[in-house]
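Shared between the two complexes below is subunit A, which pairs with subunit B and subunit C, respectively.
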Partner chain A sequence: MKSIRAGKNVSLFAVLFASIAVPSMHAQDWFHLETSGGATRIRIAVANFKPQAGDPAAYKHTFDTTLFADLTAAGLFDIVSKDMIPQSTPGTQAEISLAQWSAAPASAAMVAFGNVGVANDRLVVNGFLDDAKNAQYPQVFAKQYNEAASDDSARQIAHRFADEIIARLGGGVSGIAETKIYYSKRTGTGKEIWEMDYDGANQHEITHLGAISISPRVSPDNSRVAFSSLGKDGFQIKMYSLLLGRLVNFTSAGGTNVSPAWAPSGQQLAFSSSRTGDPEIWISDPEGRVAHKITSFIGPDVSPTWNPKTGGQIAWISGRTHLPQLYIMDADGSGVQRLTDGGYATSPSWSPNGQFLTFAWDRKYGPGAPGGQDIYVMEIASKKWIQLTHDIGPCDFPSWSPDGRHIVFANGNGAHTRIMSMLADGTQKQALTGAGSDMPNWSWK
Partner chain B sequence: MSNYATTSEERDDRFGSGLAGAIVLHLALIGGLAAVAIFEHVHTPHWGENTASIGAIQASMVSAIPLPPKAAPVKDSVLASEDVTPTPQPPPKEATQPPPKPTDVLIKAKTPTKVPKVAPIETPVPPKHPQPAPVTPKAASGDAATQLPQSVSQLKNGTAALTVQNRVFGNRYAYYLRIVANAVNQSYATYSGQADPNASMNKSVTLLFDIQRDGSIANLHVENHSGSSTLDTAALRAIQHLDNFPQLPEGDHITIEYKFDYRQQ
Partner chain C sequence: MISSQSNIWKATLLGATFALLTITGCHHDHASAIPANAGAPDNSGGPAPTASLTADPPSIDLGQSVVLNWRTTNATSVTIDGIGQLPINGTQTVSPSNSTNFHLIAKGDGGVTEANVRVTVRVPVVPSMGADNNTDGDMGSEAAFHQNVQDLFYDYDSFDLRPDAQSSVMHAASYLNAHPAIKVLIGGYCDDRGSAEYNITLGENRANAAKTALVSAGVSANRLRVVSYGKEKQFCTEENESCWQQNRRAQFTLDK
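Moving on to the complex of A and B:
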C-alpha cells in the first residue's frame, strides 16, 4: 500500500513538474542562429608540402609560409590553423586520405597539398587542390612549377599557386599574390620610387634620380611608372620605363605638375597642372602631348583618379569651396557631382568594379576639432560611407588592389610614415614596410 | 417557525446517516482497490524476473544505431515529396454566352420553319502577357524525377535550390556549384528584402541562366513566374548584381536552374 501511494505521489509530482517546466523549456528551445548573408567562407586546409628529391628544406619553409600567408591575406577563406591539420604530409594525389582532412578538427572543405623537390639546381613544385567533400572526383586541379632554385622563386611559385587557388575558388577575380606595390621612400636627402611585392617582401629601389619623387602611378600594363619629381623647374611629371630601366620622355610644362593618374586604357594620363595659373585637372597622352584642361574652377583641383571599370569618369579633389572636397565628373569635364559634405578630403582611389571610392578624410577639420585623418570608403551611387581606420594616427593615400578586396595606405606622421594594407572592410591590417615609406600605389595586375 | 425547525433537524439527521454511509462506502472502495493492487503487486511478475530466466537480461553492443538515412525532402518530385501536392488549378469557368444583342433578337417572320440564327460563341482571347503557370510537379517523365537539386539552402526568407542540367558536371565539379550557390545566396539575402512579404508568401520563382566559360552570366530569364512581381524582380536582381563567378573548370557553358521559395520563418 505504501509503495503504491509513493508511486502515485511520484507520478503526480512528475506531471505537476512537467506542466510547470514545459513552458519554460519551450521558450528556451526556440532560438535561431543566422549568419549575416546566409553565406559562409570556404574552409581550406593547407598541408605542409612534402620534401622530395634533393634538399629543399630551406625553400620548402619559404614556400609553406608564403602559401599560407597568401591564402590568409586573400580574405576569402576560412583557413584551418596549422595546429589542427593532420600530421601526415601527403605529397601526391595517391597519398592523401581525404577523410582525415574533412573530419574534425580540420573539417576542411578544400585541401591544398603537394611536394617540393630540387633537381639540377631547379626547384620543382607539384601542387594539388582537392575537394574534400567529393569522394568520387576529389581533384580540382594539379599544377607543376619548375624554376631556377632560389628563395625568391620559391616565394613566386607559392604566389602563383595561391593565385591559381583563388582564381578557381574566388569570385571570378584573380588573386593579387603576384601584384606589386610602388611607393615613395625617403633615401638620405631625397625620395625615390621603390617597388615591393604585395606582401611587403622584395623591396627594392626603381629610380635613382637623387631628387624628391612622389606619387608613383604604374601603368595598367605594368610597363611604365609615372610620378612627380621636384627639379629646378618645380614639380614635373616624369615617366620611367620599367622595361628599359630609365626615364622616357614626358613633355614638361610650366607651373606645378603633380598627381598623375593612368586611364584604364593606358592611352591617357590625367594630372594636376598649374601651367595656366590655377591648379586644374589636365589630360594628355602618356608622352605628355596634346594636353587639354578639363576643369575651370577657381581654387585648386588635384589628385585625379579614373573609374577603372569604364574609363569614362574621373574623381578628384577640388578646393573651390575653400576646404578640399571629393568630386566626380565625366572624363570630358561635364556632370560634376560633389560627394563629401564637409571636412577635409584628400587622395581618392577608385575601386576596380567602379562602385566605390576610397579616400582620406578628416571629417571634423579645424582648430581644436576632434578626430583625425582616416581612410573612408564611399559607395558612389548612394553616397553612403564607412570609416575603415580608427585610432592608428593619420592615414592617407589609399589605393585599391586589382581584386577590389584590399586597400593599401600610408599611416603615420612625417618621417614615421609606413605603408599598411588591409581588407577593404577594414580588417586584417598589417604593416608592409618600416618608417620612411609613403604614397603607395597598387599595380593593376 | 417551529415547524421549520423540526424539518431542519430531520434533515440534519438524514444527512448524518447519509454521510456515515458514504464514508463507509468510500473506505470499502479504497480498501478494495488496495486489495486489488496488493494482489496485482504480489502475483504479477516483476520487471526482469521472468521465471524462465531470472535476472538475466541480454544486451549486445552494436557499433552504430541503424537509423534510416535522412534525406532532404525533395520538392520537385511528387513521388518523393513529403509535402502535400499543390491543389490543381481550378477548372476554367465555362464561357458564358454573351447576352443577345437587340439586333439579334429574332422577329417572328412569316417563315417560322427557318432555323433561328444563333450568335457565334466568342472564344476567349488568350491573354497577351504570359500568365503565371503554377509549377506542376512532373511525375510522369522519369527524367524530371531524377533531377534532384544540386544544393538546397535554407535562407532567411525560405529556401533556394540550385539545379544544374548537366549531371556529369554537377558530380565532377560539386565544389564549383557550391561556390555558385554561396554567391547567389549571399546576394539573394540582400535583395530578398525587396520582395513584398504579403504578395510573395509561399510562392516560388525559378530562374534559368548560363555560366559562360569565363564565369560571366548570360541568358538570365525567369523560367517560372511566381505571380509576385516583386519576388521575381528581387530574384533577378540578386543574380544581375553578381560580379562574376570563377571561370568554368570545364566546358563551354553550363545551364543553372535556380528556384527561390519565399517563406517567412
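Moving on to the complex of A and C:
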C-alpha cells in the first residue's frame, strides 16, 4: 500500500477514469475526479439576473446567491468573480452583448444570465446559457421556470438551473444541486432524522419518535429512509416513508439491528444484526423479510455499503482481527478481501463509479497514540489511498454525492459534531450545519 | 488490549473489595470486619471478643426454617441485625422470606467483632400470572441486586472478560441462582472514542460475553436480555481514561 498525499493546487478535475500510475509517480496520476476529459476548468460568468415585473428583489437575491454558490460548489468551473463582470444586467438574449463578457477582465467562455419576475404570486425565471465565443449561435439553452413564489422556490429554481448548466458542461454527469442530505440531529435527550438541501439550506426534521435515531440511509428512489432507532429491545431498523410521512413496516427478528444500506436496485437492504448472537452482516428485502446472513466470523461486523455501480459487492467494517478494518466481499459473502493494513477504520461509502471507497481511518489508534480520525479515499483495485482531512478534529461518516465529485462527512467530538462537505479531493471544505448534527447520508439523485 | 497503570490499580482495588465482599457476604462497612479493627481498643485492657455464627441448614426452600447458632467469647453484648439483643451464646429459629445475610455484632471490653452467615432461600419459579404479588419477595431489593450483581468492565476495544471480572461473574451467578425470579437486562456500553455504529456492535459483543459467562455459571439464558447502547448512553463524558473505563462496561439491571 502506498501512502500518497494529493497536492492542493493541482488541477484534479481532469479525467473520468483513473489511470493507474507506477507507484513512484504522483498521486494525481491516479486520483482524478470524474468530469469531461482532460480539459481545464471552464471559465463561466454568472450575471446578476434582471428584475422584471412585480417586486422580485428578495427572491432575486436568493436566486442569484444560490446559483453562484451552486456553480462554485460544483468544482467544475473557473468562476468569474462578480467584481469582474460587466455592469450591465442582460435579461434576455437580445439584451446581451457577448463581446463585453468574453473580453478581459471577465474573459468568460460561458455566460449564465436571465431575468426574475413575480406575477400573481408566481415566481417566473427565464434562464439562458450562452457560449461567449460563438458569435453566430451563442445560445446553449434557454429554460423557463414558473412556481408559487417563495424564498424556497427561488432557491430550488436556482438549483435546477445550475443542474441544467452542469448537465451540459459537466461531461455527462448530472449536477447535485437538487440532491438532499439526511442526517441524525440531537433534539433534547434524543436524536431525530433530519433532511436538508445539499448546500445546508432548508434543514428540517423528518421523524418525531422521541428516541435515539441514527444512521439514516435514503433509498435510491428517494421514497424511504431506513435508519436505526433505540427502543426497549435495543437498536432496531426502522423504515420511514417520505411519501406517506410515517413509519412503514420493517420486520425485526431479535438482537441488535443497525447500519442499514440500500442496494442500488432498491430491492435489498444490507445491515448488521446480532439475531443469532454475534453481530453479522445480513441482507433482507426492504420490509425486513427473507433475511439471510452473509458473514460468519466472531467479532463485530457492521456498516455495510453496496457497490452502487454493480450492486454485486459490499464493503463493510469487521472487528474479526480485533481493531475494526475495512473489507469487501461479493454480495453472497464470498471473496472476502481486507483493504486496510491496520489502525481503526470505520464507516465506508462506495463511490458512484464503483472504483473508490471513502471511509474514516485512524491509522495510529491507541491510548497515547498521536493518531487522529480522518477521512480517506482508497482506490479499490490498487489499495492506494489519500487522506482528505487534516487537523480539523475527528472526522467520520463520509458519504459520496451522486456525481462522485463531493463527499459529506461529520466533524467534531460528541455534541459538537457538525456536518461538512468538500470536493472529493479534499478541497473546498465548508460547514453545512451547526453543532449537534451527525451521520450524513447523501441521496442517490 | 492495553490498560493504563492507574487502571490496573483501580481494577486491583475493585478485585480486592470484591474478594472481601465474597468472604464476609456483608452489606455493611467492610472495614469494620477487618480483625485489626477489633484489636484497636487493646489499651483499655481485656482481650478482644471472638464470635462465630452458623446456620443449619444454610439453604432452605421458601417457608422452611433455619436454626442460627452463635458462640462468642469475651463478649458482654450480642446483637443480630433485624433480631435484636441476644444472649452471648444461643440459638434462634428463623424463617426468612428471601435470601438473607445475618449479621452478628459482639461487643466486649476488648472491642467489637462481627460474624456473618448467609441463608439462601430457594424461591419456586412463579408462573408469570402470579408475578404481581410475588415481586417483592422474589426479586430481592434493588440495592441487594446491585450489591451482588456488579457491572463488568472491559479493556480498550475488547469484549474479552478480564480476569478481575471472573469473580464478579461467579458471585453474580450465585446471587441470581438464589433468586430465580430475577430477570436481568445486560446493557453493553462503549467509551466515547471510535465510531458510533461500530461501537454498537462492540457493545453487543460485550453484553453477550457477560451473558455467556453467566450462562456458563448456571444462570438460565432466558432470564438474561442483552441490549447494546454503544456510546449513545454515556455514564460520564469527560475525556480521560477514568471516564472511558467507566463507560466500557456491561451493566446489569433488574429487567422488570
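Details
Keep this in mind: the second predicted complex is superposed on the first by the 407 of 445 C-alpha atoms of A that agree within 3 Å, B and C clash if a C-alpha of one lies under 4 Å from a C-alpha of the other, contacts with A are read in each partner's own complex, and residues count from 1 in each chain.
Here, a residue touches a chain if its C-beta (ideal position, glycine included) is under 8 Å from a C-beta of that chain, and two chains touch if they have at least 3 such contacts.
Bear in mind that the values here come from a model prediction, so they are computed numbers and not experimental data.
When the shared chain is aligned, subunit B comes close enough to touch A:Met110, but subunit C does not. Once the two complexes are overlaid on the shared chain, A:Thr40 sits against subunit B while remaining clear of subunit C. Using the contact criterion defined above for the overlaid structures, shared-chain residue A:Asp199 touches neither subunit B nor subunit C, since it reaches no partner. By the touch criterion stated above, A:Leu169 is placed in contact with subunit B alone, subunit C being left untouched.
Comparing subunit C and subunit B on the residues of subunit A they touch gives the larger count to C. Legend: residue contacts after superposition of the two complexes on their common chain; A:Lys133 is shown touching subunit B, with no touch to subunit C.
Once chain A of one complex is fitted onto chain A of the other, the partner contacts of A:Asn353 are limited to subunit B, with no touch recorded for subunit C.
Note for the complex: subunit A touches subunit C at residues 212, 214-215, 228, 230, 233-235, 255-256, 258-259, 272, 274, 277-279, 299-303, 317, 319, 322-324, 344, 346-347, 360, 366-367, 373, 396-397, 413-414, 438-439.
Contacts from subunit C toward subunit A in the complex involve residues 2, 4, 156-158, 192, 194-198, 200-202, 204-205, 208, 226-230, 232, 237, 239, 241. Residues 1, 3-4, 32, 34, 36-40, 42, 109-110, 131, 133-134, 136-137, 140-141, 167-173, 353 of subunit A are the ones touching subunit B in the complex. The touching residues of subunit B, when paired with subunit A in their complex, are 34, 37-38, 41, 153-156, 171-175, 178-179, 182-183, 185-186, 188-190, 215-216, 243-247, 249, 265.
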